[in-house]
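The following pair of complexes shares a single chain, chain A, combined with chain B in the former and chain C in the latter.
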Partner chain A sequence: MSDATEVATIPITVDFSGGLEMLFDNQRRHSVALPAAQTSGKPANIAFLIDYLCKNLMKDPRSDLFVLDGHIRPGILVLINDADWELEGEEAYEIQPRDNILFVSTLHGG
Partner chain B sequence: MIVPGMGKEGQLRLINSRVLIIGAGGLGCPAAQYVAGAGVGTIGIVDGDVVETSNLHRQVGHATSRIGMKKVDSLITHLRGLNPLPTYIPHPFHLTPQNAADIISQYDLVMDCTDNPATRYLISDICVLLCKPLVSAASVQKSGQLIVLNCPPTPQGALDGKHAPCYRCCFRKPPPPSSMVSCGEAGIMGPVVGMMGVAQAGEAIKILASALHIPPDDSASPPPERNLHQPTLLIYTYDLDSAVGPYSFRALKMGGRKKNCFACGENSTLTLEGIKAGNPNYEQFCSVPTARCTLPPEGRITAAAYHAARERGELTEHILIDTRDSEHFSFGSIEGAVNVPFGKLLMKAAAIKRDGTPASEVLPPGLGEADAPIFVVCRRGLDSQETVEKLKELGLDHGGERRIMDIAGGMKAWKEEVDPSFPYI
Partner chain C sequence: MRPALCVNCKTERALIKRPKNHEKLCKACFIAVFEDEVHHTITSSRLFSPGEKVAIGASGGKDSTVLASVLKTLNERHNYGLELVLLSIDEGIKGYRDDSLETVKRNAVQYEMPLKVVGYDELYGGEDQVVETIGKKGNCTYCGVFRRQALDRGAKMLGIKHVVTGHNADDVAETVLMNLLRGDLARLSRSTSIVTGDSRSEVKRSKPLKYSYEKEIVLYAHHKKLDYFSTECIYSPEAFRGSARGLIKQLERVRPTAILDIVRSGEDMARLVPGESKPSCACKGQAPGALASAEDDIGGCGSQNGRTPGNEMAAMDKRLRENEAHEGLEIDVAKAMSESKTGSERQRELPIRGGHGDSKPRQVLGNCKRCGYMSSQDICQACMLLEGLNKNRAQIQI
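Presenting the complex of A and B:
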């Protein structure tokens, strides 16, 4: 019975770097079982993942350090399997099993 | 320095090349040492600051005996000791939109070793317009980043085939200032920033020795065959406690030149004359107004006034909350202060709102319910204001009956106004 309600998930790893790990329990790598479909039924994409992380993984209430106006805030690079997300379709990229998604905040110090 | 791929021709190119290092700090010092050691013929250094004691743990081109000297002169002194042969050119002032093109035009390659986003965008824009390759690095706390930009350099707007990206192609917008580590200069690990500076020198030497810095239209010395390498952002993370490992390097694949890039793209309106005249405005571009609150004056007390009130015995019963990180707190605090790190406090406040735990639990047991006034101190006086607002919002001021104030200017002000011996690190 419970099987019928169980949500299909995609296993992925999510990494944070450049100080963003501070918002996620100071842990740089998280294994995430991401729901395979959004509530609308569309396959899970990066935009959905970002929203999911804010609601489920972020321990720190300062979500504006990660998301601004519903999008990833300026100064954060998103890398899909070590490639800039612009090479992969940005927010619309559909997440595949075992993907590695890295969020890295750009640094300016020296 | 004879290694495979670096023969006489390569060495000659180094001797005949001119490198500009912008920033003589944690990146610039190690970078300059290896550039000088490699025999680059002319090395220019830009920096307007003077050497301070707190720099020395990572700025290895300076020395205790040169504290107070211009960083540029201090570093050149050090480099002459390593290698007296190169021509060293000091530029002992900060790079500005007014002087940037004049300085950068005298060199073949630029190394961005600066510490702020406004200057980073300025340097990249000038490099695009003057067709100079740029080796850019940055480091904060325990992380470092490195990327080679504009290399091989091609004119602004050239979009046929593959062209290298500029800084703006990769980092379109700066982060809002409020997202930079809260309340104070983030610390920095010497070996981490040092490694990035050394890696920067490695990239610069490679580019010059293989003549990748010569623009394609320079027919006087046609460059050897050149392929655009995959633009790569190297990130280095060093961790004292991590599930990923004690340290990690990652090479991240970046895109090439962007058609719609503000600086190097197809319809760019960026010009040298414009930059000189203040267009774009780099300061404004990098400092979107922050949403951080400011308490009214009656909600604050100066460090000196707080100290005086304590000395006069007017504050026998009060609670002093110090919201700095435990690492900072461990080096020293005001007598009687209780450490409640800001991040933890925010998390507790969010949990209270979410699951209705009693508001008093935002503070350690016993402190929330009491009637004694609360004073809040942080590093520089930003987090403390937000803490005061939060505590009031949670009703800890008992409807205005209980005083909750912040110490204006934080521990920095405490050091300046009350206790000069305090270790403000």
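Presenting the complex of A and C:
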């Protein structure tokens, strides 16, 4: 986490719904400047974003409601520009500028 | 990666990958297919009759909101001739459910349906302390028992004999799994029928979304931009239910068809139980048949976070379980309805044990000595729970 000014970032929007907004300051939409590359040098992908959100955006200590064993908690849907992430390569999808990533929980309230 | 095209219309970009068959669909085709499948479930199980008044158990959550939206759409599209009413239960807990009720009120306007809100105070005689205690102490068990009764009673107040709830395939699979793990084939059988109810109360309950994946319900709500409310339920599910739910979600991740497969397995096992109904839909293959789900055990509030409950809740659950083992409140309407079935498929007679290995005779339905609600016990489930709560409170106060 050194010298953030030199880090190239990708502007994206991240949405939370279905109850997940509770973990993120009760706010549904967040504008995020995501580092364009991971520490390994690989381009930022969804797995990196999830880790980034846990470390930088989550206001709630209950990260297990979002991530289990290093992966998105089963029962949470991920939509990349409104498409199911299963159609886009899931965690490996490389994030593009102005992407919208939506995390929606199916686990809350009938 | 080039975006995949919809396998149906072959023109639009696919946005959905269906868990049941991996089909890639665009938004419009997905919405159409989702609605068609619910329509198929409704018609093949002859869920409704023309002119019927139907109350939709509405919580403002995703399942009941989708149910209301789909039923309105199908009722108009296929001329079911239904009179649809939203029926909502107000637990009377300050701060909690306020937003849910507000959502239901908006839904009533959006779907042009009358809304009836029934308060616990109305049902349980304005005993504020009791109402408050139910709210504070409750878990899904309480939620389920009280809300089920409340829906029945609310429907009766409206003169309605049919309540539909938003229980989905994930809920049914969870219940099948729980009964399987308990070795309770008799209840497993009842828990798979699409229609349940009580001949005495004359209120029939059904689950038109029985074959709909929770995932698709959420996606339907998302793509149709439905107005629903998500809250973390203040009731935590018992540990066992939480585990079953977690397992189902994990299975779905590796093998999405698992959820409907569990539901179908439950239905197949139900057919082995002597005296249980056969499916009313003979469809095999991709379209899900409208087979038989019961409510016995289907979670009350639908909010499953898999939290660990206290021992107290486990003990309460055990008492309930023992109570329910007497073949309590539930009587299978589907069974009565399918009496004229053909005997083409011979049923195997298997010795079916109850969940507890004992074979108490089926009890006669009577009325609860406290509240007068129909019950196979001297004291109904709701009153038993209240008694337990009061005992606990007394202990705390000492």
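The definition used in the following text is that the second predicted complex is superposed on the first by the 101 of 110 C-alpha atoms of A that agree within 3 Å, B and C clash if a C-alpha of one lies under 4 Å from a C-alpha of the other, contacts with A are read in each partner's own complex, and residues count from 1 in each chain.
In this text, a contact is a pair of C-beta atoms (placed from the backbone, for glycine too) under 8 Å apart; a residue touches a chain by one contact, two chains touch by 3 or more.
On a predicted model such as this, the values are computed, not experimentally measured, just so you know.
J.: Just checking: does A:Ala37 make contact with chain B only, chain C only, both, or neither of them? Give me first, second, both or neither.
T.: Neither partner.
J.: Could you say whether A:Ala47 touches chain B, chain C, both of them, or neither, answering first, second, both or neither?
T.: neither
J.: Please indicate which partner A:Lys59 is in contact with in the superposed arrangement: first for chain B, second for chain C, both, or neither.
T.: Touch partner of A:Lys59: chain B, not chain C.
J.: After lining up the shared chain so the two structures overlap, which partner does A:Val67 touch, if you call chain B first and chain C second: first, second, both or neither?
T.: neither
J.: Considering only the touch criterion stated at the top, classify A:Arg29 as touching first (chain B), second (chain C), both, or neither.
T.: First partner only, chain B.
J.: In the superposed arrangement, does A:Leu107 touch chain B (first), chain C (second), both or neither?
T.: Both partners.
J.: Using the superposition on chain A described above, determine whether A:Gly89 touches chain B (first), chain C (second), both, or neither.
T.: The second partner, chain C, only.
J.: Show which residues of chain A both chain B and chain C reach, each in its own complex.
T.: The overlap between the chain B and chain C interfaces on chain A comprises residues 17-19, 22, 65, 74-75, 77, 79, 82-84, 86-87, 102, 104-110.
J.: Using the touch definition up top, name the residues of chain A that touch chain C in the complex.
T.: These residues of chain A touch chain C: 17-19, 22, 65, 74-75, 77, 79, 82-84, 86-89, 102, 104-110.
J.: Sort out for me which residues of chain A touch chain B in the complex.
T.: The contact residues of chain A facing chain B are 15, 17-19, 22, 27-29, 59-62, 64-65, 68, 73-77, 79, 82-84, 86-87, 102, 104-110.
J.: Please give the residue numbers of chain C that touch chain A in the complex, ascending.
T.: Chain C reaches chain A through residues 1, 3-4, 13-17, 24, 27, 59-64, 100, 166-167, 170-171, 214-215, 217-219, 222-223, 229-233, 246, 249-250, 252-253, 299, 301-305.
J.: Under the stated contact criterion, what part of chain B meets chain A in this complex?
T.: Chain B residues touching chain A: 23, 25-28, 113-117, 120, 137-141, 143-145, 170-176, 178-181, 186, 188, 193, 196-197, 233, 235, 237, 239, 242-244, 250-255, 343, 346-347, 349-350.
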